[in-house]
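Pasting the structures in now, so scroll down.
What follows is chain A paired twice: with chain B in the first complex and chain C in the second.
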Partner chain A sequence: MAKFVYADNAGTTAMSKTALDAMLPYLTDYYGNPSSIYSLGRKSRAALDSAREKIASALNARPEEIFFTGGGTEADNWAIHAALEKMGKKGKHIVTSSIEHHAVGHTLAALEKNGYEVTYLPVDGNGQISLSELENAVRDDTVLVTIMMANNEIGTILPIAEIARIAKSKGALFHTDAVQAVGHIPVDVRALDADMLSLAAHKFRGPKGVGALFVKKGHAIPAFILGGGQERGRRSGTENVAGIVGMAAALEEAVQNMDGNIVKITKMRDRLIKELLKIPYSRLTGDPVNRLPGTASFVFECIEGEALVLSLDAKGVCASSGSACSSASLDPSHVLLAIGLKHEVAHGSLRLTVNEANTEDDIDYILDVLPPIISRLRDMSPLWEEKMNVRA
Partner chain B sequence: MAKFVYADNAGTTAMSKTALDAMLPYLTDYYGNPSSIYSLGRKSRAALDSAREKIASALNARPEEIFFTGGGTEADNWAIHAALEKMGKKGKHIVTSSIEHHAVGHTLAALEKNGYEVTYLPVDGNGQISLSELENAVRDDTVLVTIMMANNEIGTILPIAEIARIAKSKGALFHTDAVQAVGHIPVDVRALDADMLSLAAHKFRGPKGVGALFVKKGHAIPAFILGGGQERGRRSGTENVAGIVGMAAALEEAVQNMDGNIVKITKMRDRLIKELLKIPYSRLTGDPVNRLPGTASFVFECIEGEALVLSLDAKGVCASSGSACSSASLDPSHVLLAIGLKHEVAHGSLRLTVNEANTEDDIDYILDVLPPIISRLRDMSPLWEEKMNVRA
Partner chain C sequence: MYSDKVMDHFSNPRNVGELPDANAVGQVGNPKCGDIMKIYMRIEDDVIKDISFKTFGCGAAIATSSMATELVKGKTIKEALAMTNKAVIEALEGLPPAKIHCSVLAEQGIKSAIADYYKRQGIDPEPIVGCVCDCDHCHTAQ
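Here is the complex of A and B:
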């Protein structure tokens, strides 16, 4: 029987048993509307309060700084629009990086058509911005700096505390898309001094369709969705109680086990990196040191990433090429281009992302099946034939 | 042992077994990201496709006209902002009713501060607008008419087909918040000729935190949330696969059983109305004929709705006073004021909403416990004492 190895945990995760068990009562017996004043409603309200406390605690935030959303993308959209509306009098300039998730990048691109000016900071080969370039980019009319905490495609972790300090020293608000970081590496909003921070439950073994935006106390940001006044009037709509409870349980578990998980996951990641870099004409993408514990990302020359992913799928391995969110696209990933890869090289990207649910057996299996697939695909590739002829 | 009767189904519902059973595999084994190209991802993609077809079929829409959202409130917010952006060249005037849900009403109120003009059509004592007043209200610069299909507090069903015809004859877009209607009464988007229609899963025994916006084919409305390009670029963010599957299963079931359910539910509702109107100084709110099958809504003079709800809760009955979404508020409901009730009378509102999960036993129990509660609360009320003295 074919083995099944899920190695696309930066795309989404299987829910943890803890998260599922926490959710189920709120999908069955405890179905009250948290806005209702009878006991069944108050039960749901108490569950929301407890979830908010858990999430706040995981981020070293206060409960009143946590606003539940329908996911990380909504949180990013909201943060950006809220910052612009709040800071409208200061100006219309925004600073970001060239490797943001589309939830930030496409939102900013739309704003550029609407009178805003956006500076996209370049990154080096590791996916790092230059802090001095950031310092030069932030102007008197800069209202928002939004830079991700960790990249979804190449796993690079950016120095958010330093970035926030520069942004705020010039009077701009600072937002970070921490969707790939929360639950995986320590995230302390006080230490980072972020004004806003986005997270998504399904990236840390919680359910899909729920996330949160941290907003530092004192920033009375405008609402994103208006209606019944939920989330203290900032994000209306009957709360996804089960999803929120599942998110909180998943995050609490992730944070409790983080130290041990990081050791275990990093070991698996490093074995993938060490062994797969033995494949000729392969390269690690992303920062070799400051990278997410679970992200092993590569480019293999003369390979089509899509063919690689489908061949791995045939062997029971789930992996991705570029961002899962845009995997339907044929364009090479903007992140891989930003770190300086040529189009044809970027096409050969592979992202293997493991978490605490993976085992060393999974790594063995990937290391068994992947190299022969690459050999076979290269054997069929005219580009490879050409490269080998030139070499010979 | 105390009986438990849930009679707040317009606030939210317990999930049907069908919906929960449909969801569970997508909370456990089938956790793939629908954007991923491997088989686990394609499984989720197929589930979304199937859900979209079921929801389209339930509304007599096409699958490509259905966009999944995080709930009814998000759908309402999106519809309104999309209409204004799309129709910006025509004008800045919007027509609505004075009994809309806050998801529409508060969104429009915010737009009024932003250069838009809103006409709030008054309603009669039954909660019905005047079609001739609507005809007069729609102007050359009216870009949107948004009027709910059925009211959440008083159960009045509005004549949406006629309203849509008038709106569209004047070149305005027509949106209806059908959150209380879908799954409960026939909703045929072709017969209604609506441009946009909002629905929420948790009102028809689906999960909380998921909804949909119907957008008539040909209207290329702008996106609400930007990012990875999900929902054909209109509403980005990793899809809430389990929630969407649960919503589709719940709606399919509700539509399949609708005829029988309406008979059963109407009978329960009518018994509540007939018996509870025997209480002196009581009044039905909402249209006595064109009303939702499950909504029995009243005002009882010299009663505080909140005390009534809490007293019912002590007897194991879940009910609401005014809209569940604003039950934390002490202001009387804008709907009850719009139908001409005085403040002090509106405060004594009670909404009992039943669905197919209720039984005639539930109605017996409510009819047993409610009249003595009202007597007791009135015996403690100075207003009631005064009224009885005047009468004597």
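Here is the complex of A and C:
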């Protein structure tokens, strides 16, 4: 049988069996509406309550601080709009980083057209913001600081506790998009002292289309979706019971196994990094130390990322790239440009993201098939020819 | 998102590599845009006897280069100059809208090599070949 290696776990994950098993009864026998008062409905209500407790417990939050959403993007959109509505009197200024996910970045760009002012903090070559620049950027009229906990493309982990402290010392609300962090590294909302935090189930082996927004107790945030009054009137619509149950089961499992998983996953990641950096004109993207356990992200000069991804796919390996040609636009990813890569270098990006479902055999296989692919693409690249001629 | 034909020409590109006895070489695109095509030709008696390419770019850039070289191989200069990006797209059984510019680049690459052929003989190529633009396709041909 042809080998298949899934190494795009920052894109999405295969669901864990635990999550699937937890969900199935709510897709079959227990289909009651949680708002119904008869026993079948109460069964669904109890499942929601239990899921909320599990998710709260995984984040060191209280159950009433967890609001279920239709995913990470919705949580990010809600958090931003809620902060602006709640803090409207204070001002119209928002501070963020230049490496946010589009769920935050595009939301803020739309707000800029509506009279809000946004400061995009630059990042260094590792993808880290400067805390002193943050301190200077937060003004009296800043209502929200929203900065991601870990970056999806380069794996950099940002110092959220310090960022939150600075934001709040100036009276701004603090939100973090923790979609890439939750379930992978410890996330303690009390220790971070975040006002709001977004998460998405499918990044930690839960189902797609479900997520949550943590909102610190005391912040009476405005409703995002109006209707039947679900989620204490804040996010109406009949709850995705099975999805929520699956999310809670996946997160509970991820947190229980986190210490062991981090060791196992980091080992695989480090082997990928160590071996692939032996390829000439390759470099790691993102912070070499403060880095998500599963993210091995690179640029390989003189080749183009989409061609790499297609070639890996032909060998049964799923990976991704931030190259322009992998997207609808002709610009490479804003994250790769923000860390200072030139356009032509950013085009050669490759992201391999592993999780606990991967094995050392998978790493062997990737290390076996990837270097010849890079050689093949370089052999047909006029840029590589130029580079070699200059060297000779 | 790619047709089987595109995947075939990406995975098994035809006429790839340098052509040692080329008497015409053209290069179009730029690294900032993420695609560069270099076309090598050996032209005899106004016929493209042999052709090859090197491309830095995505799957579609490689496939359009491969297909364009196939379409003009053995053809006269006149026939090669008549080859449009649409012919490349049709031969590849379609391209996604975001990749149309790759076919434009392939057409330009062929023209650029033929322009070089004339330049080497001291003939101004522009009246024959027309303007071989550089990277405008990135921003106009979407």
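Criterion: the second predicted complex is superposed on the first by the 384 of 392 C-alpha atoms of A that agree within 3 Å, B and C clash if a C-alpha of one lies under 4 Å from a C-alpha of the other, contacts with A are read in each partner's own complex, and residues count from 1 in each chain.
The criterion applied here is as follows: a contact is a pair of C-beta atoms (placed from the backbone, for glycine too) under 8 Å apart; a residue touches a chain by one contact, two chains touch by 3 or more.
Owing to the predicted nature of the structure, the values given are computational and were not obtained by experimental measurement.
Asks: Can A:T18 be said to touch chain B (first), chain C (second), both, or neither?
Replies: After superposition on chain A, A:T18 lies in contact with neither partner.
Asks: First (chain B), second (chain C), both or neither: which does A:P332 touch?
Replies: second
Asks: Which holds for A:W384: it touches chain B only (first), chain C only (second), both, or neither?
Replies: second
Asks: Quick check on the superposed pair: does A:T353 touch chain B, chain C, both, or neither? Answer first, second, both or neither.
Replies: A:T353 contacts neither chain B nor chain C.
Asks: Taking the superposition as given, does A:A110 touch the first partner, chain B, the second, chain C, both, or neither?
Replies: It touches chain B, and chain C stays clear.
Asks: Looking only at chain A, is it chain B or chain C that touches more of its residues?
Replies: Chain A has more residues touched by B than by the other partner.
Asks: Just checking: does A:T295 make contact with chain B only, chain C only, both, or neither of them? Give me first, second, both or neither.
Replies: Neither chain B nor chain C is touched by A:T295.
Asks: Tell me the contact category for A:T142 with respect to chain B and chain C: first, second, both or neither.
Replies: Neither: A:T142 stays clear of chain B and chain C.
Asks: In the superposed arrangement, which partner chain does A:E306 touch: chain B (first), chain C (second), both, or neither?
Replies: Touch status of A:E306: both partners.
Asks: Applying the document's definition of touch, where does A:E344 land relative to chain B and chain C: first, second, both, or neither?
Replies: second
Asks: Across the two complexes, find the residues of chain A that touch chain B and also touch chain C.
Replies: The answer is residues 306, 310, 323-326, 328 of chain A.
Asks: Taking the touch rule as given, give the residues of chain A at its contact with chain C in the complex, in rising order.
Replies: 302-307, 310-311, 314, 323-326, 328, 330, 332, 342-344, 347, 379-385
Asks: Considering the complex alone, what residue numbers of chain B touch chain A?
Replies: Touch list, chain B to chain A: 6, 8, 11-15, 20, 23, 27-28, 31-33, 35-41, 69-74, 76-77, 101-103, 106-107, 110, 200, 202, 207-210, 225-230, 236-243, 306, 309-310, 312-313, 318-320, 323-329.
Asks: If we count contacts the way the header does, which residues on chain C are in touch with chain A in the complex?
Replies: 2, 7, 10-11, 13, 16-18, 27, 31-38, 53-62, 98-99, 101, 138-139, 142
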